[in-house]
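Next up, some structures in structure tokens.
The same chain A turns up in both complexes below, where it pairs with chain B and then with chain C.
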Partner chain A sequence: MAVHDVTASATGAEHPAPVAPALHPPRRRRRTWRTLEPLLWLGPATLLILTMVVWPIIEMIRTSLTKVSSTGLSEGFAGLRNYTDLFAEGDLPGVLLRTVVWVIGVVTVTILVSLGLSQLLNASFPGRRLVRWAMIVPWASSVLMTALIWRWMLNNFYGVVNRLLMDIGVLDAPVNWLAHPGQALAAMMGVAVFVSLPFTSFVLLAGVQSIPGEVYEAARVDGAGPVRAYLSITLPLLRPSLVVAAIINVINVFNSFPIIWAMTRGGPGFSTDTTTTYLYKLAFDNQSVGESAAMAVVNFGLVLAVVLVYLRVVRRQEDTA
Partner chain B sequence: MKLRTVLLTAAGWLVALAFLAPYAEMLLTALKPTPELMESPPSYLPSHWQWSNFTQIWSLTDPRVGDALLFSLYVAGASTLLALAVGLPAAYYTARHRFRGRGAFLILVLVTQMFAPTALLVGIYREMVSFDLTDTAEGLILVNAAFNLPFCVWILNAYFASIPKELEEAAWLDGTGRFGALTRVILPLAMPGVVTALVYTFIGAWNEYVVALTITSSGNRMTLTRAIPGFVTSYHEQWQYLFATSIVAIVPVVVLFVFVERYLVAGLTAGGVRG
Partner chain C sequence: MRAERYSVKRHLAGLAGGTALALALTGCGKGSSSDSGGSDGKTIRFVAAKYDDDTQAYWTALIKDFEKVNPGYRVNLEVVDWEQMDSKVKTYVQTKQEPDILNYNKFSDFARDGLVYKAQDVVSPKVLADFLPLFRQKAQYKGAQYGLPFISSARLFFYNKDIFAKAGIARPPSTWAEVEADAKKIKQAGYIGLGLPLGPEEAQAEFQIWAMNNGGGWTDASGKWAIDQQANVDTLSYLRKLTKEKVTQPNPEATNRKDVFNQFAQGKIGMLNGAVFMRKGFIDPVDADLNYGVAALPSKDGSTHKTLGVQDYLVAFKKSDGSNKAAVKKFLDFFYQKENAARFVSTEGFLSVTESAGQVLSSDSQNAAYYKPFVDALSSAEFAPADDPAWAAVDGAVKQRIGTGVAGGDPAKVLGEIQKTAQKGD
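Right, the complex of A and B next:
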């Protein structure tokens, strides 16, 4: 539209004869160009997303309704058989419960600690840049490698965590942290919090920094102390950042496969599995690809539900605010 | 006031220590002589610093660190180029034009951002089997590029939108043409966004584990993350080599990440806020 007009008049003035016909195409050609042009710019990106993201979603749903042999061959429509098989698994309730505990626990602790860390990073003190750089390390590092070093540090014979806790008198004897399901889950949730903190703190820091200083000055003039100012100014104004941090964390934490895989493989048995490691084991250890696809669809639905509910809550809050 | 600064500094340095401690332990373990790894309780520091662990990893055959490093470089590099090649035009066009289908495209991008490959693993695996892409670099490149594309689009979109349209129009008047204006005026101004998208995608692909674990299996088609657990199996436990290799994998990307840190949050939250 405006864009084409500018181009036409600008170049048209310099090269009137040869260029003009192409720049003033008949109305019909111009209209087809207008519908086709976005395709040219967005087509490749759309194609990539459709083939690598949307297709797997469809393929996953299709597989969940298919009878798949242990060698991976499709043997026809299975109806809801894979789903009934899945829900008949004795391990499933535990896996689902742990997933809920895992997601809610890790995200809640991450956000609470990050609220504190973002305040710290916002204050000025010598070495603040170094602290920020230190927090980049877990963010940029592979989660797998971070999980492996934690597994090594928590080892009951060779791990430095036990040594340290014994040296400072907290423990009398080494603890085999990853051997008992409850302890192992708690330890792995700790690692999940550890790797989630940097990103979350930086997002909240960006939020804190976007609050204008005058708001606090006004509050101080009105006699509000720091606690009151935090509760009635900082937290409400941080809500958009909190929403982003919470949603992205829920998604990441739901899918945090490498931590559990590197530290316990969901074991012993299925006692520390969440839905993600469980569906992996169903597909690649048990060769039950159809059932695994059913688990993946349930997992997918859970993530989708969480995201939708959260967005609704936020929108309602914004309406009433 | 003085006390407040002292307390903040102490807290800040403790936090830094807490975040660095595991990686310091990673380095210390990588520098321990082999027999010392099996001491219980463990020593804090190596009795002597076995720097040769870092040279020995290159001559081991199981896994081959050099091959894995090259393969990771290839996969991460190609994923980044692909994501930018398709993301740049899309981000530019959506930032500059209002057209039918724009909303649908941005929702598609947002939905992609909401899902990690882990959630779609079974679907991805089945697709790779049907296209004969299992155990190939191409399969990994396509998946990595697709799942990192949303970030590229959001951050580049934000940069393109922040560049005044008048600048571009002035360039057209100077006779650069649309393409010339894009490459000679707009792209240089959007460079911080391009670099951030590049680094972010590269690191994402470099660190990717689950898809590599699922669709590749041959020794010469292993990324570093895929190969590293091979140092600790039921047959042998070579934690010193595992962590020496981890350090090799982590240090360069942390340095890269520090450079783009301040742009990252903007890019990540741009998509979320708009959703």
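Right, the complex of A and C next:
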């Protein structure tokens, strides 16, 4: 608005022609209208952001500083009690460590596989359209359903995975895959990669398609082989797509709830929890909504920090490049 | 854009634990009216727990009858699955959208926070006197009755007679040593010896059954939390031993009750602690001809055999102007009429909590034979300390942790962690 005022008075100065005093008030009114006009366009969006994004965050922080009774009633200011309680939980270090493994593992594997898939989908071969459509399937089906189906397939009593492995003679007796923390985490990460692939592949595919063919032609004329062309042309030009894919995936995977909840509920005990399922358990099993809000704030801070650090690293690379 | 859409959903899920807004949104999604009971004093909202597929039909029919004999009164019914009950209830309370009547398994923290009516305010003295003393006593908070006993369940030991015959066992075990020995024999005969569900669904009940039959429990004689007492450590160590000997189903810490109940119904498990609704809910749908017997729960020394009693409640929430009280009372009195209450209990396969409905049920000879041992066992039943407001948190902690005591964790340490949770509430 300040900028607008300056330009308005500047244009006034360019026209020093005498102006009848009677004309002044309406014109000034029009001018204030002009200055308010952007507000009219920005207002609804700002309001939406304030109510849908900012308010819940404030509410979350406020709850984390409140003592909440087990029925859910607020019992006044609690100071940092919820945070000290949270950091005193013996399970927290394991949960945090697992969250890091979960996010880095899932996002790295997803992006590596998606890089390959996007190349594949970009190549021209008969039935390409069909394959592209097939890629959408894991995306179109419900995440919760996918996770539930995998839980059944891995089930100790009825699961098809055990049956298959026993029929081909790999196993003698059924294994309760989801009862062992390591195996369970690996299985859930597999499902998380599976459901993240479509989005990531299509973002990267869009990036690959936007690289003009002449660049490759020029490279070929200069004698670059396919590997060289990929490393020196494709990857650098894909950077914007990679940044988008990585950030959205980090946020998504960090906050991923349905897969873990449907497959193990973070169990046995707390041995496959990430921060997201852990904060749910704090609220609904341990009945401490305040402490859960504290976990949510920590979670929020972590996501923010990861994204900011990532952006900074990427920008620095761009500056040096 | 799908990714964005579910990132929003996940965000909501993530914040749900902490933010009133997310809770309010999920609550509003159901289109529930807020504090509607007060508007005309004749419309009430009833949130019922879903016991099985027959629950909704029962209530719909009952409400229809109620509205017919009480013209002008309306009951809005919402049936909620048990798995979502806790979060739903918390949402409603936190966003001040409590139903007028709630069917739930806890009541004491509502009473502590002054949210619910005393029982005497919402049912007639006749109904009040009809509750069996055992349940009435367990519905009290600080000397006053707030919960209205609704249904009850008891646990007994179920065993498969065919499997016992194949394993060469003559009679059901009475002591823990016999349980162990029989389980080994059953395993040799090619079946799962003992079903031991210590997964999060109902681990607190399974553990209490074993613990109280070893002289342990959740509290000591003075009523203080004593979850890490020696008797409990011994109990968990015994269950751990059974697990390590592989006479239970694999990984009890990750097995839920309904899985072993189903396995038992399919004739794959030799014995387990079963509940009264096992016949209606699990055995009959799978194999009505299953040859099984019901015995007392085994105890460590075999001298006394306690059963675990469980009861669910109805509670009536106070509304700002108190105008819902008359309609609530009308509806509750209607439900507690002996035929109506008896029909619910027999529909769902539970035990009656009122004298009159119990009499109706025991005149039904075909079912009475099955229910009799459970009813008899109730006289020596122990209950979870649901009258302590801290129980809700302890219950959650037990469900999460106790199973790890038979797997990776050390029993004493696991019980110590739960004890810490219990004392935090004080």
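The rule is short, and it goes like this: the second predicted complex is superposed on the first by the 274 of 321 C-alpha atoms of A that agree within 3 Å, B and C clash if a C-alpha of one lies under 4 Å from a C-alpha of the other, contacts with A are read in each partner's own complex, and residues count from 1 in each chain.
The definition used in the following text is that contacts are C-beta pairs under 8 Å (C-beta built on N, C-alpha and C of every residue); 3 or more make two chains touch, one makes a residue touch a chain.
Remember, it's a predicted structure, so these values are computed and weren't measured experimentally.
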item: Chain B versus chain C as contact partner of A:F157, first or second or both or neither; value: both
item: Partner chain(s) touched by A:I233 [first = chain B, second = chain C, both, neither]; value: neither
item: Touching partner for A:K281 - first (chain B), second (chain C), both, neither; value: second
item: First, second, both or neither for A:V109, with chain B first and chain C second; value: neither
item: Partner chain in contact with A:F257 - chain B first, chain C second, else both or neither; value: both
item: First, second, both or neither for A:G72, with chain B first and chain C second; value: both
item: Contacts of A:L178 with chain B and chain C, given as first, second, both or neither; value: second
item: Partner chain in contact with A:V101 - chain B first, chain C second, else both or neither; value: neither
item: Touched partner set for A:E59, first chain B, second chain C, both or neither; value: both
item: Of chain B and chain C, the chain that contacts the larger number of chain A residues; value: B
item: Overlap of the chain B and chain C footprints on chain A, listed as residue numbers; value: 55-56, 59-60, 63, 72, 139-140, 143, 157, 174, 199, 248, 251-252, 255, 257-258, 276, 279-280, 283-284, 289, 292-293, 296, 299
item: Complex contacts: residues of chain C adjacent to chain A; value: 2-3, 6-7, 10-11, 13-22, 86-87, 90-91, 93-94, 109-110, 112-113, 115, 199-200, 249-251, 253-254, 259, 263, 389-390, 392-393, 396-397, 399-401, 403-404, 407-409, 417, 421, 424-425
item: Chain A residues touching chain B - in the complex, by the definition given at the top; value: 3, 6-7, 10-11, 14, 34-35, 37-38, 40-42, 44-49, 51-60, 63, 72, 117, 120-121, 123, 125-128, 130-146, 148-150, 152-153, 157-160, 162-163, 166, 174, 194, 197-199, 202-203, 205-206, 240-241, 243-244, 247-248, 251-252, 254-255, 257-258, 261-262, 276, 279-280, 283-284, 289, 292-293, 296, 299-300, 303-304, 307, 311
item: Interface residues, chain B side, partner chain A - complex; value: 5, 8-9, 11-13, 15-17, 19-20, 22-23, 25-26, 29, 37-42, 44, 82, 85-87, 89-90, 92-94, 96-97, 99-102, 105, 108-109, 111-112, 114-116, 118-127, 129, 142-143, 145-147, 149, 153, 169, 172-173, 175, 177-178, 203, 206-207, 209-210, 213-214, 224-225, 228-229, 232, 239, 242-243, 246, 249-250, 253-254, 256-258, 261, 264-266, 268-269, 272-273, 275
item: Complex contact set, residues of chain A against chain C; value: 55-56, 59-60, 63-64, 69-73, 85, 90, 139-140, 143, 156-157, 174, 176, 178-180, 199, 248, 251-252, 255-258, 264-265, 267-271, 276, 279-289, 292-297, 299
